[in-house]
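In the two complexes that follow, subunit A is the common piece, with subunit B as its partner first and subunit C second.
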Partner chain A sequence: MIALASARLGRFFRRDSLGLLGAVLLLVLLILGIFGDLLPLGDPNAIGAGPRLGAPSLAFPLGTDDLGRSYLPRVVEGIGVTFLLSAIAVIITAVIGTLLGMAAGYLHGATDHLIARIADILFAFPALLFGLLAAAVIGPGSIAAIVVISTATIPLFIRVVRSVTLSVAEREFVVAAVVSGASTWRVMLVHLLPNILGAAIIQLTYALSVSMIIESALSFLGLGVQPPAASLGSLLRLGSVYLTIAPWLVLAPGLVLAAAIMSINLLGDAIRDALDPLRGRSLK
Partner chain B sequence: MTAAVDIRDFVVAYETGGGAVFALDGIDLAIGAGETLGIVGESGSGKSTLGMAIGRLLAPNARIDAGDILVAGCSVTTSDDETVRRLRRERLGFVFQNPMSALDPTMRIGRQVALAMEGTPDTAAVERLLVRAGLDEPGRVARSFPHELSGGMAQRVVIALAIARNPQILIADEPTASLDASIRDRILDLLFAMRAETGASLVILSHDLRMIVHRCERVIVMYGGRIVEMGESQAVFGSPAHPYTRALIRAAAGNEAPGEQLDPIPGVPPVLRAPSADCAFAPRCAHAAERCRRERPAERAVGGSRVACHFAEEIMAASGTAREVAE
Partner chain C sequence: MRLIYFLAPRLLIAAITMFGVALLVFLSLRLIPGGYADIVLGPFATGAARDLLIQRYGLDEPIFVQFGKWLWALLQGDFGNSMVTNKPVIDEFLRRAPVTGELAILTLLLALAIGLPLGVWSGLAEGGAGGKGRLGRLVGALGASVPDFVIGSAFIFIFSKWSLGLKVGGFVPLDQGLWDNLKTMILPTVSLSVFAIALFLRTTRDAVLRVMTDGHILAAVARGQRPRDIVRHHVLRNAAIPVVTVTATYFGFLLGGAVIAEVLFSIPGVGYYIFSSLEERDYAVVQAGVLLAAFVFVSLNMVADFAYALIDPRIGAARSGT
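Now for the complex of A and B:
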């Protein structure tokens, strides 16, 4: 079973080298983010470990920040924080969005209208404006960031799942399940869910990359994680102050964020292509 | 003969963007226990709507304007969801037109069959059911996904799903339309064998009047959401009284001489915006008179059948016996 799965995975990536690049890059960043504090990179919070705003050197590969903290472990910590917050938010989005989207697409009528209208309202609401509101109500921090990211990514998730559910629910096997006496819950969880999972997974990758951008934007504005914790966004904000005298403070987290989002999108595209039945058939 | 299904003055309309479209326009029908009933008619005549309505499986935009359907004495239109769910599970079995879309593509056959059966059956019980449906390698089939089966095998699985709980009513909506011609007869043989084995009533919806007459005890001819002719299949086919039935027999392939042309029915089926006040077939009927466009024909006994046509007797008398029509 595992051998079969790995063989299929191998075939999947051999056909799609960009997808492989995305997967490898994402894996490296994830390992850095998760196991960063186990690596001998130095203490991210040790003030005065080096000169203030020091340029990259052997001792401090990414330089030092305005308090003389080594920048490399701070960037690594930022990767971890940004990934963690985005991942939590996206998991919440995926669970809620999938359930609501399936309910809207399958139950029709009032349920559908209610869910679709709520999604529309959320969709029309700018994420950053909502971020300011959430920060004012629950106070800036990780929880506010997760709430804002989830509310920003849920509407699109609901729409995608709803539209896929609508087309799957039309198929006869759903009617066949209903005839055999399946309850609404069983139809949704046993028959609809596996059939919409592909679309949901693709949407999940896009939601993850959007989440990282939103998280970074919130932290950049000071509405996300609070010091001394670092996320890629809060590092960018700090760096932007010293842009002319210490550009490495912006470059390092900026490039890492760009690489992370690119890797997720490449992987998402690869999954979409692999799940697309029309792939490899040219339309002449 | 107690009725397994009792349909009374049933009217169904679909809400569409362009207004309501009537699919069933007053259906009165009793289906006896253990009976084999064929329903024929062109696409759009309302036969699929009728079949789905028996299990309260109409699309969300369908609207029941009048009438009721009783399955085993229990109203399908007014009962609560749980009652209807039990009714479907215990009494109804459906066989669909396209077996490939009637099976869940993400689930192995064995699991799908097990879900349709009562309780939590073991592998042996699932395989016994597959064998009953005429599948030779039940173990392999149970482990397969739907796309790994041929159309005929998939339709056997669909029939197995339909008979999993020994239903009292089997409804087959064009069960062979998507199958290879060479296996159609065998699937029909299986369907009728299963009916005989379970003692269920079997309702077959089809375009194929010849097949229906050959296999079913009773036949219903539908047009424009109404029953235009109904009776013992030999009587209906042997001496058709309604002009639409006659046209349907003439339009079907099978009894023409080599080189002879088939005789299609001119025009297209009607789109009913309201319950029809006249005869829905009149615009396409060679015998239509002024009365047909003014007065809705009532169903009445003509010969051995029940016919909804003002001029059934005259038409039958004028064209002689039915053999001539068929030949």
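Now for the complex of A and C:
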């Protein structure tokens, strides 16, 4: 079973080198983010461990920040925080988006209209401005960031799941289940859900990449995670203050953030190309 | 005439959406624990200041009465007064709108000029697979991965060390010379465009790939039409709808204020205004900003709906176009 799965995975990545690049990059960053504090990189919060705004050196590979803290463990901590916040927000989005999208696509009528209007309303909120409003109402911090990210990513998730549900719900096995008396819940969870998972997973990867952009943008504006915790965005915020005298403070989190988002995008594209039967044709 | 059947439901939906946005914005500021007076005044308010505020905004009335009055004022174009300057917020927004508008239009033009041809080229190339198609995918993924504030910071570093003829910050209004103005607008425009180029590239590539699987393309090939004509008459027109959707959506997003680009490059547009108002606890501005941005966004989507009907004659003709 495992051999079969790994053989399939191997074929998938051999056909798609960009997808492989994304997967490897993502795996490395995830391991760094999750197990980073177990590695002997130094204490991210030890103030005065080195000189203030020190340039990269052997002792401090990524330099030191304005309080003399070693920057390498801080960036590694930032990866973890950015991934964690985005992941929490996207899981919320996936659960709510899948449930509402399935309900809208399968139940039709008033439910469909209601959910579509909710999606429209949320979609009309510009994410960052909504972030400013959320910061005003519940105060800046992780909770506000998660609320904003979920609100921004749910509408598209609902729409994608709804449209896939519409087409799956017309297939024979669903009709057969309904005719043989399966309850609405049973049809949705046993027959529809497994068949929309593929589309949901593709949408999940895009939502995750958008989440990381929004999270870091909010933190960059000082509306996301609050000190002493650091996400990649809040490191960039601090770095931009000392941009001209200590450019490494922006370079490291900037590159890592771009690499993290790109790994997810590449992987998402590869999964979509593998799952989507609608491939283009050449004119030749 | 039949267009009305297509547009009327969409107008209704836009109205419902705007109402929902207004309700949500209103409730989020009034229904939180502690109440509006506490967020506005902060924790160290005197009783007299509270009473004044409660009286001014009618906070002692039932919430639905408050909402009704607020909405009625909104419909008459009254978005409230700034809590700092006590002037109508809407005037402040209108004064700054041209700056944000210019940034949005420049960004959209640059992104479309590069993203559309790249997307068509990458989508047509060997059915999206192979070297060219993969290059398109890589460029699309790369551009969508570098946030505007990372590119913007890199620009600020590079161009404040070596000016290279461009200016970082020190915004010059358009009426003080086009070239001087452009010199301050190029960097924010380019930092915003990178993501937008990738967005248009990916959308166009996807749309082209999808159209290429349609039967009528195969039929055109079978008829022996030249590839150039097939692309122009059959592929591009059919691929246009998703591209129009994304263009409208993204333009709406840009007009709502590209907060980060404006803050980073000190461009005095609406995004910068809303952000600095938050720091001054001027929530009337933040509230009006979110409302206005959402209204602009919904209106642009209406325009996009209208454009669909122009591009695709089937949409206006079919009554069940929804």
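Assorted remarks:
Everything below uses one rule, namely that the second predicted complex is superposed on the first by the 277 of 284 C-alpha atoms of A that agree within 3 Å, B and C clash if a C-alpha of one lies under 4 Å from a C-alpha of the other, contacts with A are read in each partner's own complex, and residues count from 1 in each chain.
Simple rule for what comes next: a contact is a pair of C-beta atoms (placed from the backbone, for glycine too) under 8 Å apart; a residue touches a chain by one contact, two chains touch by 3 or more.
This structure is a prediction, so every number in the text was calculated from the model and none was measured.
Within the superposed three-chain model, A:Ala136 lies in touch with subunit C and out of touch with subunit B [touch as defined at top].
In the superposed model, A:Leu128 makes contact with subunit C only, not with subunit B.
Counting the residues of subunit A that each partner touches, subunit B and subunit C differ, and the larger count belongs to C. Residue contacts after overlaying the shared chain place A:Ile47 against neither subunit B nor subunit C. When the two complexes are overlaid on their common chain A, residue A:Val190 makes contact with subunit B while staying clear of subunit C.
With both structures placed on the common chain, the touch criterion links A:Val178 to subunit B but leaves subunit C unconnected.
Once the two complexes are overlaid on the shared chain, A:Leu27 sits clear of subunit B and of subunit C alike. Looking at the shared chain after the overlay, A:Thr244 reaches subunit C, while subunit B stays out of its contact range.
Touching of subunit A by both subunit B and subunit C, each in its own complex, is seen for no residue at all.
Listed in rising order, the residues of subunit A touching subunit B in the complex are 108-109, 171-173, 175-183, 186, 190-191, 194-195, 197.
Residue ranges of subunit A in contact with subunit C, taken from their complex: 18, 22, 117-118, 120-121, 124-126, 128-130, 132-133, 135-138, 209, 213, 216-217, 220-221, 236, 239-240, 243-244, 247, 250, 254, 257-259, 261-262, 265-266, 269, 278-284. Residues of subunit B that touch subunit A in their complex: 52, 55, 57, 60, 85-86, 88-90, 92-94, 96-98, 101-107, 115-116, 158, 161-162, 164-165. Contact residues on subunit C toward subunit A in their complex (touch as defined above): 13, 16-18, 20-21, 24-25, 28-29, 32, 39, 123-124, 126-129, 134, 137-138, 140-142, 144-147, 149-150, 153-154, 156-157, 160-161, 208-210, 212-213, 217-218, 221, 227, 230-231, 252-253, 256-257, 259-260, 263-264, 271, 274-275, 278, 281, 283, 286-287, 289-290, 293-294, 297-298.
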